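Each of the next two complexes has chain A plus one other chain: chain B in the first, chain C in the second.
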Partner chain A sequence: MPGIEYLFAALTPLNIMLALGGVIAGTVIGSLPGLTATMAVAVLVPITFSMEPTSALIMMGAIYTGAIYGGAYAAILLNTPGTPSAIATTFDGFPMAKKGQGDLAITVACIASVTGGLVGATFLLLLAPPLAEIALAFGPVEYFWLAIFGLTLISALSEGNLLKGLIGACFGLLLACVGIAEISADVRFIFGSQVLLGGIETVTALIGLYCIPVLIDLVATPDRHLKVDHKPRGFRFLEALAISWKAKFSLLRSSVIGTLVGILPGAGGSIAGLVAYTEARRTSKNSQNFGKGEPEGVLATESANNATVGGGFIPTLVLGIPGTPPDAVILGALLIQGIRTGPSLFTEKASIVFTFIYGLYLATFLMLPVGLVIGRYAYQTIITVPKALLVPTVAFMTMIGTYAIRNSISDVIIMIVLGVIGWILNRFGFSPSPIVLGLILGRIAEQGFVQAWTIGAATGELWKMFFGRPISLAIIAFILLSLFYPVIRSRFGKRTGEVPHVE
Partner chain B sequence: MKVKLKVLTIMMLVSIFSLTGSIVLADDYPSKSVNYVIPFGPGGESDITARHQQPYFKKLFGQDLIISYKPGGGGAVGWAQLNKMKGDGYNIMGINLPHIIIKPQEKAVGFTTDDITGVYMFHYTPDAIVVNNDSEFKTLDDLIAYAKENPGKVTFSGSGKGTANHIAQLRFDKLAGIKTTYVAFKGTGAAVTALLGKQVVAEWGYTSVGAKQAEKARMLAVAMDERHPEFPDVPTFKELGFELVSGAFRGIAVPKSTPEDIRMKLSDMIGEINADPEFRKRMESDGMALLDVDYKGYQAFIEEQSKVMLEAAREANIIK
Partner chain C sequence: MSNNLQGSLQRDTSTIFMACLFIFVAVVFLWDTTHMLDSDSYVFPRAVAIAMIILSLTLIVWNLVKPRLAKGESLVEASTARRVALVAAMLVGCLAMPWLGFLIPGILTFFLLMFIAMYDQWTKKRKLLYPVIAGAIVLGFYTLFGNILQVPLPVGTLFE
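Moving on, here comes the complex of A and B:
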């Protein structure tokens, strides 16, 4: 292993303490919808001024790792993805919690996050410089097609309800247009209102569309929030481990998908989780159970999104191009410390880089005990707190969380309005995920398309631009596969012996 | 429990201060921490330069500078709220040119250029043409010659539309008599990625790109009056015969209700930070160029920049 001599530099008592504190703080912050890893890291930047660069990096990396895992709590227990990367966690996590398996879901998520984190960190350790080239190979066209690919996954996700899925996605695409456009600077659909000027922030939409309907339903129905018909059963660690072991290939594949997507600066955790989830569902023996509370679904998304941490650091450290928003903040803190990133960072400043990577391993390992303990506490709290207390507390948190994203009261208004819209749409069988995916992917697709068109038109190779690049062609092939997969499966799939489960 | 008590004490102290602090005296300003709002997200250049100021503010004036973010609409969301903040000198906001000049001209974005009370412009990140290290273009002349033979075919990545990079591209095209294609990206990071990935021929970037990407990219010329101390080998556009000094200018503004003497005091304070040799060195090694436009000079500076920037933007139909 390269730089093994720095392993011990990472394992000083101070660093272990910082990593532990970082993971705990990160997990708690990440579990609160609206409080993001980016903000958590940004708040700490001034503290890092007076620290050794490696210690500062280890602490920031630990917070980041913890926050991505913490996002799973709200996704599982409240059906609210705290970050876009946890969207797909709600698909099976919340149904599991509904069935009284919330504790198992959280432990599965913890094991998956640790595995994903370790795989991501290993790629970072062993293959960072060559893998960074992937970030450069993806141009505007590739991002455009990738976003289209993401949109086609909606069809796979909304089986039996394709039309509603597509309508939801179109609504999301429209929401993406609101505000000052990121690259063309056009002001669109704000109807003269200051509230809409800043556009619709993804996390605002997540909280509104996912959490508010759950809150309204809680008030409107006499049932308990989550079904509990048993005494506390401990961590259920061995049970979760057995599930993970059975799905070990899916777990590894999801981690690799997460790492690779994490390397792409323009893609983000939402795409990683989504691709990993649909892949896991396609190949799983239990694919009929996906969406109804299948632990494998949680396993896939949670391993993928934690793998994006290591993946995202690859372009950050090698190219000085932040892979994710928290990476941008960490990169800024490094600059202030006077450290230049670049290919030679791995040779000239090897002590810093490798100490940091081993620190990331350390934080990821620490996440196992920390995650299990905090997770259990979160679960116990959610199931034991009376509804009369739970609803106002969560409602209050959604407001604070939404405000904290951009320190903006407009976002709170948008969140509540979207929440009511989301609740009404839920009545008619529309699920929030296609809307949010339309919102996220619409922006990526628009930017990629405009840029690719501009470059293609300038060089007179418009056709070649969109259909003449190898990576684009590969993604287009995936798009076609994804679009026609239901047809292919219904025609050829029958002989693979798919017997519907009887519950 | 101890922590809780401490927090409580601090909260009480803060509330007492905010009650008594309504009468502001410039003499003992600053007597508490100052809230510094950046109208962009964390990790960008506006954030990083503010972070550079942070420790020197503490060192020179004994109070904390607390940075928070109010991103949205390319800064517009923050600036639209500037004058609604309390004008006691403890609320200040970062401002950026050409944003505060161009944006209000495009459409109603909730503020006008005159709404903003700038007290100091403390630096700019000079525009620069950046190419990959292995690019066939060794000098600016090579690039111009190629662009003349192939109108429109030279593609530049750059950060955003109607931004410093974009205005510089428009102005330079006119000065050099060439036609090039500008491709707007979401931020400098994405524009650099496009350059390094060879999606575009060159980038209209900043000297800070040259500093960060020294191993993979080089600059053909920088838009400064004199050569940048970090890059003594890179010529200025001026010495090559093009009257182009431009970049992303950054400064600090206060709400309109801030008293005159506080504005003056704050202006002097930012100037003092700017004069700190260690601060200068840090900023310059990041590729920034320091600038000293104080409160008195602010209005004239904005008028002068507005004339140039609005003309370029108007000719390119970015604004009407």
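Moving on, here comes the complex of A and C:
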């Protein structure tokens, strides 16, 4: 194992304390709707300036790891992704909580996050330099096709109505265009309103579309928020472990997907979670239960989003290109510490890099007890708090959390209005997930498309630009496979006598 | 039987209405692109808006050709007034923030939402306990965001 001699350097009492503190702080901040992993790292990074570089890196890695996992709590218990990485966790996490399995969902999410984190850290330890090349191989056109591939996931998210899902995605793509254009900096689609000038922030839309409809329905009836089983059931760790073992291949595949997506700068945990969820649903024997409270769905998304932590560090450390937004903050902190990232970092500053990677393992292991205890407390709080206190607390959290994203009251207004729109659309069978997917992928797709178009037009090889590059062709093949998979599966099923599940 | 048929026809009409609304939204976006001079600004949204119109038209045709009962839960037993009050309270609260700062509208909104979401009796214990808890939660979050996380929460023009 490379750099094994630095393992003990990572295991000093100080580093263990810092990792523990980082995981706790990250988990708590990540669990609050509106406070993302990027914000968790950004607000706590000044604490690390006076530390030794290795200790500082270990603490930042621990905060990041904890924050990504913390996002699962709000996703499972409130149907609100605490961080964008936890979008897909809502699909099965919240239905599980509604059925009285919220405690199990949290434990499953914790085991999955630990597994994903370990796989991501292992890739970072063993394969960082060769894998970093992937980040460089992706140009604008590849990002465009990746975004289109992401949009094909709509078929998995549209809950039985593909047309409505596609319309919702188009609506999300148009919402992504509101504000200042990515390339030309033109002011678009604000219709004379100052509120829309800053555009629609993804996290704002997430909170509005997922959380406000829950509040609107919660306040309308005297029913309890979640079904409660009064028998004490503990952490349900063995039960969750058995579920994880049964879906071990899906867990590993999702972790690898998360690592690979994490390597791509700008893609992030939300896309990793969505891709892993779709793949898990496509290949699972229980695919018909996905979206209705299937633990395998929670396993897939939570392992993938935590794997992006290790994956994202690969281009950050090897190339100096941040793989995910929190990596950009950590990169800045590294520069303040006087550490220059690059291919030579693994040889010239081996002690720092390898101590940090082992520190990441340490933080991931610590996430298991920390996550289980905090998760249990969060679950107990949500099920015991009376509705008259739960509704205003969650509403207040959404308001202050949304405000904190860009210090803007406009964002809070947009969040509430989008929430009402989301609630109305939901009643007519338009799920919020395709809208959010369109909103996230819209910017990536437009930027990639316009840049590729400009380069192609300038070189006179427009078609070659879009259809002549090997990685683009591979992604196009995946797009076609994703689109026609239901047909292929249906044919295959007929031949083998299976009863296919095609929506 | 006739009730079922009426229900299904009504549902299809609502889906068709929503599809028309999406077409209207797409047309508004398309119209806005006509003011743009740089092709980088309008190529992508124009393509998406056209796709949305085509998909919405397909949804309309699909519903006319193959009508079926759409999913939707009944609103009869739920309180629409409380729903509207929740959204109104949140909107009024955040619209007041530029003038009154974050704390006062925050506390008022919290109290208002507490009354809206209250289905149990206001016992003496609750009357005493809930306002204290509400104040502690609002002040706790205010301190966390304003002082610990250093988020510049609005002070309010009336107090500047």
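Just so it is clear, the second predicted complex is superposed on the first by the 491 of 503 C-alpha atoms of A that agree within 3 Å, B and C clash if a C-alpha of one lies under 4 Å from a C-alpha of the other, contacts with A are read in each partner's own complex, and residues count from 1 in each chain.
Note that a residue touches a chain if its C-beta (ideal position, glycine included) is under 8 Å from a C-beta of that chain, and two chains touch if they have at least 3 such contacts.
What you see is a predicted model; the values in this text were computed from it and never measured.
After overlaying the two complexes on the shared chain, residue contacts for A:335 are found with chain B alone; chain C is out of touch.
By the touch criterion defined above, A:137 lies against chain B but remains apart from chain C after alignment on the C-alpha atoms of chain A.
Once chain A of one complex is fitted onto chain A of the other, the partner contacts of A:428 are limited to chain C, with no touch recorded for chain B. By the touch criterion stated above, A:150 is placed in contact with neither chain B nor chain C.
When the two structures are aligned on the shared chain, A:454 is found in touch with chain B and with chain C. Look at A:319: by the touch rule set out above, it reaches chain B but stays clear of chain C.
In the superposed pair of complexes, A:375 makes contact with neither chain B nor chain C. Look at A:183: by the touch rule set out above, it reaches both chain B and chain C. Judged by the touch definition given at the top, the superposed model places A:407 against both chain B and chain C. Judged by the document's definition of touching, chain A residues 39, 183-184, 407, 450, 454 lie at the interface with chain B and also at the interface with chain C.
On the chain C side of its complex with chain A, the touching residues are 14-15, 18-19, 22, 25-26, 29, 32-33, 36, 38, 40-41, 43-45, 48-49, 51-52, 55-56, 58-59, 62, 70-73, 77-80, 82-83, 85-87, 90-91, 93-95, 97-98, 102, 106, 109-111, 113-120, 126, 130, 133-134, 137-138, 141-142, 145, 149-154. Listed in rising order, the residues of chain A touching chain B in the complex are 38-39, 41-42, 45-46, 49, 135-140, 179-180, 182-185, 187, 192, 194, 197-199, 201, 265-266, 315, 319-322, 325, 327-333, 335-336, 338, 340-344, 406-408, 410, 447, 450-451, 454-455, 457-460. Against chain A, the residues of chain B that register as touching in their complex are 37, 41-44, 47-48, 51-52, 54-55, 67-74, 76-77, 80, 103, 106-110, 152-153, 155, 160-162, 181, 183-186, 189-190, 192-194, 196-200, 211-216, 282, 285-286, 318.
Those residues of chain A whose C-beta lies close enough to touch chain C in the complex are 35, 39, 43, 163-164, 166-167, 170-171, 173-174, 177, 181, 183-184, 186, 188-189, 191, 212, 215-222, 386-393, 395-397, 399-400, 403-404, 407, 409, 412-413, 416, 419-420, 425, 427-430, 442, 445-446, 449-450, 453-454.
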